[in-house]
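Have a look at these structures, which come just after this line.
Shared between the two complexes below is chain A, which has chain B as its partner in the first and chain C in the second.
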Partner chain A sequence: MGFTAKAQVYNAAIQETVLGVGDKALTLGGARTQPLCSFDETWKNAPAVGVEVSDIPFETEGFPVLAEYYAGCESFGDRVKRASEMEGAKFVCLHFEGADPGGENKSVEDIVALAKEAAAATDLPLVITGCKNVEKDQAIFTAVSDALSDRNPLFMSAREEDYKTIGAACAMANGHKVGAESAVDINLAKQLNVLMTQLGVAPTSIVMNLGSAAAGYGFEYVASTMDRVKAAALEQNDTMLQMPVITPVALETWSVKESIMSQAEMPEWGDKEERAVDMEVVTASACLTSGSDAVILRHPTSVKTIAAMLAALA
Partner chain B sequence: MGLFDVVYHGSDEMYFKAEAAVKETIEKIGENAPVSFGNTAYYLACIKAYTALEVTNMAQLRDALVPIRAMMTRNNRTADIFHSGIATAMAAEVIEACKYAVNPKPYGEADNPNDNKYHGHMTDAEVRELGVPLVTRDIPGFVVLIDEAPTDEQAVALIKGYQSRGIFVFLLGGIIDQAVRKGVKMGFPVRVVPVGPDIIAVSHIISLVVRAAFIFGNIQPGDYVNMNTYTMDRIFAFVNAFTPVSDITVACGAGAIAMGFPVITNETKDMNWRVPKSLIINEDVDQWIDCSLEARGIKIKVTEMDIPIACSSAFEGEIIRKGDMQLEADGSRKDCLELVRTKDVHEIEDHKITLVGKDIDEFGVGEKICMATIVEVGGVKMQPDFEPVMERKIHSFINCLEGIMHTGQRDLIRIRVSKAAFEAGFRMKHFGELLYAKIKNEYDAVVDKCQVTIYTEPEKVHELRVEANKIYDARDARVSKLTDESVDVFYTCILCQSFSPSHVCIITPERLGLCGAVSWMDAKATNQLDPNGPCQIVPKERVIDENIGIWEDVNEAVNKYSHGALEQVSLYSIMMDPMTSCGCFECICGIEPFSNGVVIVNREHTGLTPLGMSFSELASQTGGGVQTPGFMGHGRHFIPSKKFMKAEGGVQRIVWMPKALKDSVAERLNATAKELYGIDSFVDMIADETLTPEGDPEALVEFLTEKGHPALGLEPMM
Partner chain C sequence: MALKGLDIFKLSPKTNCKECGCPTCMAFSMKVAQGALSLDKCPHMSAEALSKLSAATEPPMKTISVGEHKLGGETVMLRHEKTLVNRNLYGIFLCANMDDAEIDKRIAESMAVDYERIGERMFVEVIYVNAPAEQSPERCAALAKKAAETGRDLVIEAADADRAKAALEASGDAAKVLAGANAANWEAFNALAAGKLVLGVKGADLSEIHDTVEKLEGAGNKNLILDVTGASIKEAFSNAMQVRRAALKGGDRTFGYPSIVNTARLARGDSHMQAALASMFTLRYGSIVVLDSMSYAEALPLYGLRQNIFTDPQKPMKVEPGVYPLNGADENSICCVTVDFALTYFVVSGELERSGVPINMFITDAGGYSVLTSWAAGKFSAGTIEKFFKDFDIDAKYKNKVLILPGKVAVLKGELEARLPNWRIVVGTTEAIQLVRFLREFK
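What follows is the complex of A and B.
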């Protein structure tokens, strides 16, 4: 007797959230199956790959391919344009590292100007990432939210400390999308979603950033949290955990030793750029397998590889 | 004239003014002339909000008068004065719109409206700028002050009083001149905005409110009910109107009340219709701030503490040695105590700090002093059950001060103040400032007002100690009387799920959390203070088996909060679906097959149990949120509970415990055994590591037989 595969399709679905506007608008979520299981049901919306661009040009020492990709770019706008042209890129993540008061401490006005420059350079949906300083992020997100009021961007991230301001200024006042960031804990993730909706943010304006780790750096916690979030969303129809998940993979993988030690220091580890790309690809594929609906990557080779993987699985 | 008539009269007056203004303006600029306040996407926002009309020219403005008039109903029901009140604000907007139609800058030539005497219309950008902190409650609310205060000084005191509490202030009419005379700095950036010379300009404030509701609440134009529900629930505004209050102002006030904004006034004429919490007559203007905040339910966050030394968890473990000590309050030698008491809100003066007795600089260096700290709190949601929860936090609050050491609680505290802290200027009142700020911030869900009194006068402290001990005893009695049967709900605790994802504790009065840190009372307080937090209510209505401790509600809760990992838990059994453990249990109890009983071992005990396993070996079988029949993690205080493995016969199953653990629970365990089985000195029948050789079950059975331990005669557990 032949084997008959039984499709595992749930009655509940991951919520759909739209980023960006126009032809290039991107819908995240919509799945009624376990992650990537296109054999159970054809994907409604494929998981998406986005490209990170920082206002501070990336370190290119030991990364000739990355350096070559952005060669000739003179401004942030140039780099954003180039990034949006990567094969497989569905959105661009503007990472405003330079706003950090402990670093370059760029003013809110400067950041707004950069955001406008970036918006003019690409029509892909935009994801805005701050500098991790709670106060500064609130200020720049509020200002950028007004400046990009016609672009429907996603702001990452609203945390327990600042979800009120970011929820009110970005999602409620301008109708943008907000990433709810929690630190690898299903209960905190859910609590933040509950608090944001109580504030008045529409659930469809929320995307979850459940936190991540580079592969090998405690990733099992990430995988287990994502598994349980997806199980609660699909098996138990928990509406407060049905928001799509976005994972800023690049933010994690480019700071681990595998990606920063030079080949001179670690000759036995081989080529530095290859290692950095491997870390990014391995972590991103693990996140997608665990349930991320979007990942943010930096290297053109990683973006191409993950996009190809998703295309092959569709 | 009754209040209804006043409102009717006032709204008529405003309407006729509006009608006249429209007529005059059309004569001047024609009916096709555009009408706009500028810098807004919401047309004339009040009119749009309540009629859905989008007015862009004078003809449309004239037509808008019809629905405005229609809203001024006269059936002598409360709804009539509410509708008329809101229509009055819309009529006011018509008048203002006429001004702007004739001259786009009716309130001054400056491009920045903050540079003009009156601000007038607020832009959408200003609505957003104020709206975001209003939504986040960083600005706890706003007040509209109308007309002239009795004196200039009182005007300034009110403005500054509100400003210092973070309340945004709008001014209308005569009070603006008072503020100007007194040199009060005004403008949007300093959160004091002089809107206009008379009550008609109130429409700019209502316009701001309704635009905030459009922007942040997604309220649809013309949706009267939802608009007013939103403003009532989400916009924390209120009105202070000084006598003499004109009929027009009363009519606008009725509109404010319809939107959920209470009106506080010192006008007594014709105010025969009082609405609790909505129309408040208070002739003492100096009390208005407290009165208004209470009426609108606004709580002010305390952000700064006036203390000369640092306060941070970095100083929590700091030890002050004798030589570095300025003075010491030592509860083991002198009378000392800490007590949190609930009082009626009206008996408490918020932020009152009192010292009775000598201050730190009046004692000798190194002196041992008597000290009583009494914290009195009040609030609508405050319950006496929260007192011990707050009281226990006093330790960690004070211990975080730099150069101050604190140990213990109740009347067994010890506080040391270092010479360095003293030299930095630390005095007794600063304890009060610290406790006030911490309690108001941490417990803002239940505490509306808080005052602190510190006593160092020995006789008084002695008296207080006697009284306090009665209170402590009463509390203990209440806790010991609390049984699982006497309460209606249990609580979940999922604090540990970050590392033990499928574990859920069910906290009952007789079974505290297995970590020993969360009692039923704590869980209850946690739930009230943080309704979305780790402790959720579990009703206990659908009982399946009360003896084994199975409730359908409990099963549903563990299923839900373990995200489906667990289906059933029996609260009083260790054999059938025992409660799971995260890993932070104080004790483990495990079945001992030879004696037909259980052994209990606490975390601190390093030796072997009669099972041949140590605590850590047993822990590896028990933690991680899995059910292992025969093994269970639990809190120390659960041992003498009547619910301890009640399904298997209760505490008489306990055959072995480490001596230290046994000693710590002996008194209560003996009492329980006496009550349940009539056994005297039951603890003496329990073996420990000093009575039988380590890891030797045969010697254990011999010992138990010799003592006549009841477990030997019970039915087998397996």
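What follows is the complex of A and C.
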């Protein structure tokens, strides 16, 4: 009798949000199908892979390929330029770890100077990640948004504690994009989107960071939250959950023990860099399968692999 | 698939004889539909009606046994809708075309992966042995024999019945699945598998697989598994999705079987791509997921992911209560206490390890809930911590007498000091992420 596949295309769609400007501008979202199901309907916009660069150079002990990739880079701008040249990279994520008051405590002026240096080094869209300190992040996001007013960057993240400042300064004043960060819970995610839109932020300026976890570290919560968010967006046409999803995978995977234990400490585990790459690749693939529209990765091999997987699925 | 009362009523004798205990056949049918009564309460159902009704009440996806493992049997597409019931298996790919050195290398690397994580043994459950037409039946048999010596369950794919027979004979009881049945050879393969082995069905496309499954079911074989690998990554993903959708949402029982996805064929020689694909098919409908080989680098994230995804959303994941010495801690090291919720354990132990400070981590029985939840439920209190100290004879064994308490339950400090007078109780951080600095600065 044979088998005829039925395409599953919904009447609702994930909202489209544009990051960056010019030829390299990137549109996230637009799908009317379940995640990655291009066989149901051709992708309007492919999911995207971005590269993380921190103002503090990465730990390279045990990571010869990563070290070699950035060899010869003398400044933050050099590293940003090199990162943007990775095969498959569609945007660059500037991670200002050094702003942390409990760490290097770089001043707002220093961070603005670094952001400008980065902007001059690449024309890919920029995503700005702070140091997790709510007060400092508000200050640097506001200042960087003013300094990069013509680049249409995405600021990660606006949380319940600081969405007002970041929403007003970055999205409403400068027309930039903000990432609404919630902790792996569909209700909190929706509530934050509602609050931000009530404040006056356009829904198309919002991208959701639903939270992440490395594979094996409670990933079931990430998968089920994303499954439920996508179901609400597509099946129930819930406009407050239709924003595209961006997941900072590298922030999670590079700090779990599979990625940081040296081969000397765990000889049977084998090469440390292979472990770190596979942890990043497996987590990224699982996020995209569950519904991320963009993932942020660190290692050139991971970026290449995930970009190739997405190209093969298109 | 749920039957409606009216569908059952149409097939009932409609005599209202009351022998079932219901006043009318209609009332009886309604009760059966709700699951309150079983069909056999009616002594007058015709054989034809019974067979129609039992076919309709069959689960949408069959549960297939591969060795001691069960595959399939799913009733929902996504875990939050209820729960997923049978986790996928991971396998490695061996082919008689490979040279012996490569075969030995893959076996050695993959057999070395054998560890425990949250009470579950993590190892390569399946070896996929391919017996292609280019190789003699003897060579195929020799490979099957070598694979069988590992003691793992074998899937044997053969190009034809001769090679299948040779490989099956050489592998003895280790062979659990005979794969490679297709539109042309299904009768011969069915005869070889009959009654003993799960039969793996493949085809040029889903339509051909569907036809072959119908023929096999017609011949009485419902112990099947579908190879959805296809010619490309896109086709494999599409096939895996379509088959599961057809079975669970479309009511197509012909596709109500578990699947095989061979990433070794989709991304030849690219271990990172295979890891990425194995991750995707762990989430989306691969039942036996095959890679070239399984190194620790691939196993650690994949087995962790699988363990996460195949947990019941209604039951928290727990670790075994006890003392976990970290960073080479001994009886003279400081101690800390927390709950047995697996996520808490992983996040906290990860940060403690990062600190490099030798510390004994006490995991108490808190019902598998997080710190605040178990505290609110009375399962993590000064009393339960005191009980833990007694059960594990902590006071006698540990000399340092410093106990760090999670910051979120700082309120327990006073009562703990009263109950554990020999110990210095220190309130720790509220978030795990702050632990590294806390410990490095702690005196």
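The rule is short, and it goes like this: the second predicted complex is superposed on the first by the 314 of 314 C-alpha atoms of A that agree within 3 Å, B and C clash if a C-alpha of one lies under 4 Å from a C-alpha of the other, contacts with A are read in each partner's own complex, and residues count from 1 in each chain.
The criterion applied here is as follows: a residue touches a chain if its C-beta (ideal position, glycine included) is under 8 Å from a C-beta of that chain, and two chains touch if they have at least 3 such contacts.
Note that the structure is predicted; figures quoted are calculated from it, not measured.
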First, second, both or neither for A:232, with chain B first and chain C second: first
Contacts of A:224 with chain B and chain C, given as first, second, both or neither: both
Touched partner set for A:101, first chain B, second chain C, both or neither: neither
Contacts of A:191 with chain B and chain C, given as first, second, both or neither: first
Chain B versus chain C as contact partner of A:22, first or second or both or neither: neither
Touching partner for A:172 - first (chain B), second (chain C), both, neither: first
Contacts of A:64 with chain B and chain C, given as first, second, both or neither: neither
Partner chain(s) touched by A:142 [first = chain B, second = chain C, both, neither]: first
Comparing the two partners chain B and chain C, which touches a greater set of residues in chain A: C
Intersection of the chain A residues that touch chain B with those that touch chain C: 224, 228, 231
Chain A-facing residues of chain B, complex: 125, 128, 131-133, 135-138, 215-218, 234, 494, 497-498, 501, 532-534, 560, 563-564
Sites on chain A touched by chain C in the complex: 1-6, 8, 34, 36-39, 102, 214-221, 223-224, 227-228, 231, 255-258, 260-261, 268-271, 274-275, 277-279, 281-286, 288-290, 301-302, 305-306, 308-309, 312-314
Residue numbers on chain A that touch chain B, as the complex places them: 142, 146, 164-165, 167-169, 172-173, 184-188, 191, 194-195, 198-200, 202, 224-225, 228, 231-232, 235-236
Of all residues in chain C, those that touch chain A in their complex: 78-80, 112, 117, 206-207, 209-211, 214, 232-234, 237-238, 241-242, 245-246, 250, 252, 254-255, 270-273, 275-280, 282-284, 295-298, 300-305, 307-309, 311, 313, 342-343, 346-347, 350, 353-354, 437
